[in-house]
Amino acid sequence: MDIGIFEAYESNVRRYGRSFPTVFTKSLGATIWDESGKPYIDFIVGSGALNYGHNNQDIMAPAIQYLADQNIVLSLDMYTTAKRDFIEVFVNSILKPRGLSYKIQFPGPTGTNANEAALALARKYTGRSSVMAFTNSYHGMSLGSLAVSGSASTRQLGGVARHDVIRVPYENYPNQTFDSASYIDHVLGDPGSGIEKPAAIILEPIQAEGGMNTASAPWLAEIQRICRKHDVVFIVDDIQAGSGRTGDFFSFEFAKIEPDIVCLSKSLSGSGNPLSIVLIRPDMDIWKPGEHSGTFRGNNLAFVTSAAMCSMWSDKQFTTAVERTAVKLQEHLDRLVAKFPKCIEQKRGRGLMAGLKCRSQAVVGRVHDVAFENGLLIESSGPNRDVIKVLPPITISDDELDHGIAILDQALQEKTNGD
Amino acid sequence: MDIGIFEAYESNVRRYGRSFPTVFTKSLGATIWDESGKPYIDFIVGSGALNYGHNNQDIMAPAIQYLADQNIVLSLDMYTTAKRDFIEVFVNSILKPRGLSYKIQFPGPTGTNANEAALALARKYTGRSSVMAFTNSYHGMSLGSLAVSGSASTRQLGGVARHDVIRVPYENYPNQTFDSASYIDHVLGDPGSGIEKPAAIILEPIQAEGGMNTASAPWLAEIQRICRKHDVVFIVDDIQAGSGRTGDFFSFEFAKIEPDIVCLSKSLSGSGNPLSIVLIRPDMDIWKPGEHSGTFRGNNLAFVTSAAMCSMWSDKQFTTAVERTAVKLQEHLDRLVAKFPKCIEQKRGRGLMAGLKCRSQAVVGRVHDVAFENGLLIESSGPNRDVIKVLPPITISDDELDHGIAILDQALQEKTNGD
Amino acid sequence: MDIGIFEAYESNVRRYGRSFPTVFTKSLGATIWDESGKPYIDFIVGSGALNYGHNNQDIMAPAIQYLADQNIVLSLDMYTTAKRDFIEVFVNSILKPRGLSYKIQFPGPTGTNANEAALALARKYTGRSSVMAFTNSYHGMSLGSLAVSGSASTRQLGGVARHDVIRVPYENYPNQTFDSASYIDHVLGDPGSGIEKPAAIILEPIQAEGGMNTASAPWLAEIQRICRKHDVVFIVDDIQAGSGRTGDFFSFEFAKIEPDIVCLSKSLSGSGNPLSIVLIRPDMDIWKPGEHSGTFRGNNLAFVTSAAMCSMWSDKQFTTAVERTAVKLQEHLDRLVAKFPKCIEQKRGRGLMAGLKCRSQAVVGRVHDVAFENGLLIESSGPNRDVIKVLPPITISDDELDHGIAILDQALQEKTNGD
Amino acid sequence: MDIGIFEAYESNVRRYGRSFPTVFTKSLGATIWDESGKPYIDFIVGSGALNYGHNNQDIMAPAIQYLADQNIVLSLDMYTTAKRDFIEVFVNSILKPRGLSYKIQFPGPTGTNANEAALALARKYTGRSSVMAFTNSYHGMSLGSLAVSGSASTRQLGGVARHDVIRVPYENYPNQTFDSASYIDHVLGDPGSGIEKPAAIILEPIQAEGGMNTASAPWLAEIQRICRKHDVVFIVDDIQAGSGRTGDFFSFEFAKIEPDIVCLSKSLSGSGNPLSIVLIRPDMDIWKPGEHSGTFRGNNLAFVTSAAMCSMWSDKQFTTAVERTAVKLQEHLDRLVAKFPKCIEQKRGRGLMAGLKCRSQAVVGRVHDVAFENGLLIESSGPNRDVIKVLPPITISDDELDHGIAILDQALQEKTNGD
């Protein structure tokens, strides 16, 4: 396989290509193939952007038909039939059954577009400029999102990314004795705290890049209460944890909260095609026409595939299957934790958004390499990159899941034996 | 036609839908149709993101085949056959024939992703934090790009967007007596100027949103010389003016310059699918693996359509046709300027990136409405929104172009008579 | 007494004149007189700038002689005999007996000049830009010092004062269960904490304006250890608590620490004449000549009075008397706390830097007014201004101290009776 | 003479002591003496802080009496008789005769305290955060003042000093063909200029540190007109050029303007004792009590000497003498310019605020050294430090002036011969 052209012409910034030095071509469900025809089970799924598997035919068939019929592809924010269909399905299949009432903004196709729009709206709404964000958060690669992210390597990008951000500890950070919610409540009420009232608090209910850290339902509810009390906008970045990843459509449903603003992207299109939206509490939708824009905010192909994906959530059979798969995955991981105590410190995450906190980055590196050799794609996260992310498609077949876990088991075994 | 669902559920931020209160469906070449079957000539083409027309079959046919064959759609920055094909075509059809030698970064799918990556790289490369940007510039909607943009309404978004930016006058701003290049050269060399040496100078060779202001070849060459002299990175944002819009592939070819970094997006995919790249002078490609990332930087459908588009530029017949159409468009506009002196102040732009500076925003508003009524889509730009952008597909047929111009002519006529 | 001219011509920003609506003239020791000849015991002493009493003759006599002899008054940072004498006395009477070895910078005459110079030097030394500062801190009124101060009203001044500051909780903030030192240690070592390594940690060993909060010796030692461990400059702002206020010359002597940089001002001149210095660990003195400057950094009259003051600290009789007075003051306050539990919550502070935390701002306001009526000047501090500062001259006579406390006792009594 | 103690204990930041390696003691009028008894004519006068000469007896005698009588020295912003006297004299001798009506703020003793207070007030008054400042400006050493200063070495201090500042060209910068006032007017009115409306424009009518650049009366009037038109606060930093330096009390009197805010310091006390004030247009005095503060804002000794100085301006004989001396100085400098064309490029400044722009920094360095040897103290300014500042006391005797100029003439002669 020829990877020389990447080495010659693609920027040194490329990363996955170095981890997986082969050239991929076809893909279906949880499996992708390289040029030589070798299959790989995919537990990365585009960093959570392919929750419904590769080339899911229920999603892709309408897309192919849409293009074949010469329908409009790019439309800025003009009205199109594809966009109207998407809005209808999203409202009827996702929002209404959950008792949610939001206005929908199309801020551009990426997650960071959504977060930047949400932060800008919160600043405009409150007239304040700073934002409260958490340790180990990750919100994106453009400057506004970088600023609120926690990772040192991310934030140092370009050297200018830390204005107007108040960093506070996430639940159980740095350890379980510190009550971060109560600390936040206190400093917001103390005129001597040195911490100005922010426009917004932004958080991920599960911090994927930060190491698969999960927030509890009571803590999330408490943060929402604090936001209401101090008149601060509550933004949930559900870009990686939402769109079905935890087993529910939104990752925060279990906490029975209703954030002021919710950002979705990644798996939102269902197809891997770039799409993001910002859900806005209606009275907070104070945007003026055109005040926020972006060329690719009218990606109609993504509207078509997203509508197909959203309609699945009205199908009881579909949701039951996802729940069953989540249980199965958790059982698999419990078994691995019990089996490899020398490698694995603890299970992390929730539902199908799972991780294994390992005892060192070296363990993870070795497991990654052996798994790739044997036909499984995994990646790591966390400030010390010692957490294995386990993100299969939520529609993965039992066979594919068992096979992927078996390869992981074997890689851990080799690592354990190798020590 | 039912637009109630947009009014009920889409954020107030929507703009084009208000300007064009109808629902679009099909599209082909320079024409799009609404639900009632009424056709419109499109002189907006996705704000320059559909230079090759809607559903250009040379571009879309391979895309449909790609999806039908269940090839990989989203790949982060793994190596794929679609990406390899794109790189090969881009290097061979675009870079090499122009004597250019760049590394290619895939920063994510939008123009602002590209600009943010370019600015971050320049800051990293120089160790400096500020950036020099121009009056009336527009570089995107995420915070880093907002900061360097010139429009007050854009920059005030969220209230935090002006750090580390040094604003300097574009060529001929505010009038022709001020030599902005010489001023920039002077302040960069004067330790008392109060202006620190920036990481980069970023500019658009034609400022589309800023009012279709064009930079001359000598001025662009002078800015490049100043960057070289003071060791400042020279970034060209060719997102709207590049990818063929001016008649050349890059908008700066006529100036015989070779910027350190070039950002492309919008029409780069050829299909309206989101794609952007950053072209980097090889010795400046000091990114570490994974230092900049983004979920949708591996949009393979866009790689397929972009490769199809790029290969057209190796076809002499294609480039000759584009040149001929550019001349035809300019002749049309010269005629309109001569015919409507009370409405039009001057012609702006270059090649197929053209505009008409009108005598007031009111003129533009009226022309816009009449044109829409008669089946032509146009939009305005400039700080006072008094410039009509004229951006037909560069592949527009003579009939479509003549028809579109005729509608414009008539709208100007009505306006003139109506006064 | 005519105060009309102040009302007519002095800015509305004036505060003390409104609290004490009379016109003062003469002053000696702990007593000042107004125009009508009414004496007041002074427990404010220029917010701690007159620790040695008003017109202390040991200090003022050399000053009068200096002026009478037509010696140089202002000298920028030229060498003068007065400055040489000051340095000699400061080194021999203050630094050497305490085993300290610092270089001395004269940054200008005010405390905020010193803090700004210290922060600038720490940034230059480390190449980092942010600074860690504490809840309820106060460091001065110029922008760099404002930024690191904790009070909301202070920091909001002008709306631009919060860049590059990391706010962390002071000892026992918000309550005694949170281990702030351990939290600081953790975030500085965690690459995902979202908190960049700062240039410096700046703190007051006693937060006067913040409410007379005192840091313990172990906590101060731990902060110093953390600074050493993470290579962060440790700055002690001893502007109000130093120069003898706690009974020792430096307020941190009891903790046996040796900060990298110490800032002194307020009582440093001994006379109320503006003077400040920055004490710098010799290897950290990387200033280039003239890199920091200021017109009034050569205030020779203040050098003369400061030398006279410093030499007192070589006098055992003087230091013994100060210690005895401190004990006496503490006994007085303990008695008041026990006597007025309905007004006073707790005693605060250390040595002669004392305060009474009251149960409400209203209590303090009433006590202030009654005390003024009866001939005692006090002021309040704290985020809710419910702490009475008790700052007599450290050289106060027993009679004056007893008299001042008696007035305070009576004012508390009236308040208690009045409820 | 022993300067070892300075080398051992004073920070490396010391500068003048290195330029003039001797130890000064006595001073009177325009002359200061070192320990060996050698006299020097002083053309630096504390960088303009001793306009009335050293130990001016009309000014110092009341000061000595004040101290001898045990009057209050430091009073925060309590009302004192000394302060009342100062206000009365300032209003009657300075403001009223010039038809000016200002409120007076005492922001602390230094010039930078005044500028920071002025900027904070302008930000509070307008609700805007940025400030427009000029090339080659100098406004002080604390962070807010640093930010608006133009010198690279000044602004880079500590690495954080450039937020919220819009840099624009001073009159005739970089050359006489550019109309800076018209440029400023244009960008403030153009929504696409990329330059937000600032809270204030701050300027020095003569830029002393920037190279003795003078603004013309029409340009100053035009800047005031632009401020009025765009509702921007007009701040004149008259710290070095005011308090009599140009021959008038305020340096801007010749332009018949009335700035919204004026900052004074340096020679304001008349004695070299630290004092500064901010003059505020009465309707703009929206400070809340205590919103801006500072320990040393009640420096009564400086009030006493300043009142003595201000009262001189009611004496026609005094003002006539100053005017005559200014003319004499200008004649001297014209003669030097004509005599040493190889060394001197042009005369700079106005009145007694004069400078000689030399052909190189080397010339200035050599002249400085020879002059010191021969008994004259001068210093340089300008971004390339090639301007000799000539700032004798405005009360200098003819003999002293002639003698100082003679030494300067001789030093230039030696330089010329030496080439």
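Details
First chain written, first letter: the chains are A, B, C and D, and each begins at residue 1.
Note that in this section a contact is a pair of C-beta atoms (placed from the backbone, for glycine too) under 8 Å apart; a residue touches a chain by one contact, two chains touch by 3 or more.
Bear in mind that the values here come from a model prediction, so they are computed numbers and not experimental data.
Set against the Cα centre of chain B, the chain with the most distant centre is C.
Inter-chain spacing, taken between the CA centroids of chain A and chain B, is 30 Å. Separation between the centroids of chain B and chain D, computed from CA atoms only, is 50 Å. The distance from the centre of chain B to the centre of chain C, with each centre set as the mean of the Cα atoms, comes to 59 Å.
Annotation for chain C: residues touching 2 or more other chains are 153, 163-164. By the definition given earlier, chain contacts exist for A-B, A-C, B-D, C-D.
Of all the residues in chain A, the ones that touch chain B in their complex are 2-3, 5-6, 9-18, 20-28, 32, 35, 44, 46-50, 54-55, 60, 63-64, 67-81, 83-84, 87-88, 91, 103-113, 116-117, 119-121, 123-124, 127, 129, 140-145, 147, 153, 157-160, 163-164, 265-266, 271-274, 278, 280, 285-296, 298-299, 301. Those residues of chain D lying in contact with chain B across their complex are 130, 133-137, 149-153, 155-156, 162-167, 169, 174, 177-178, 183, 186-187, 190-196, 210-211, 382-384.
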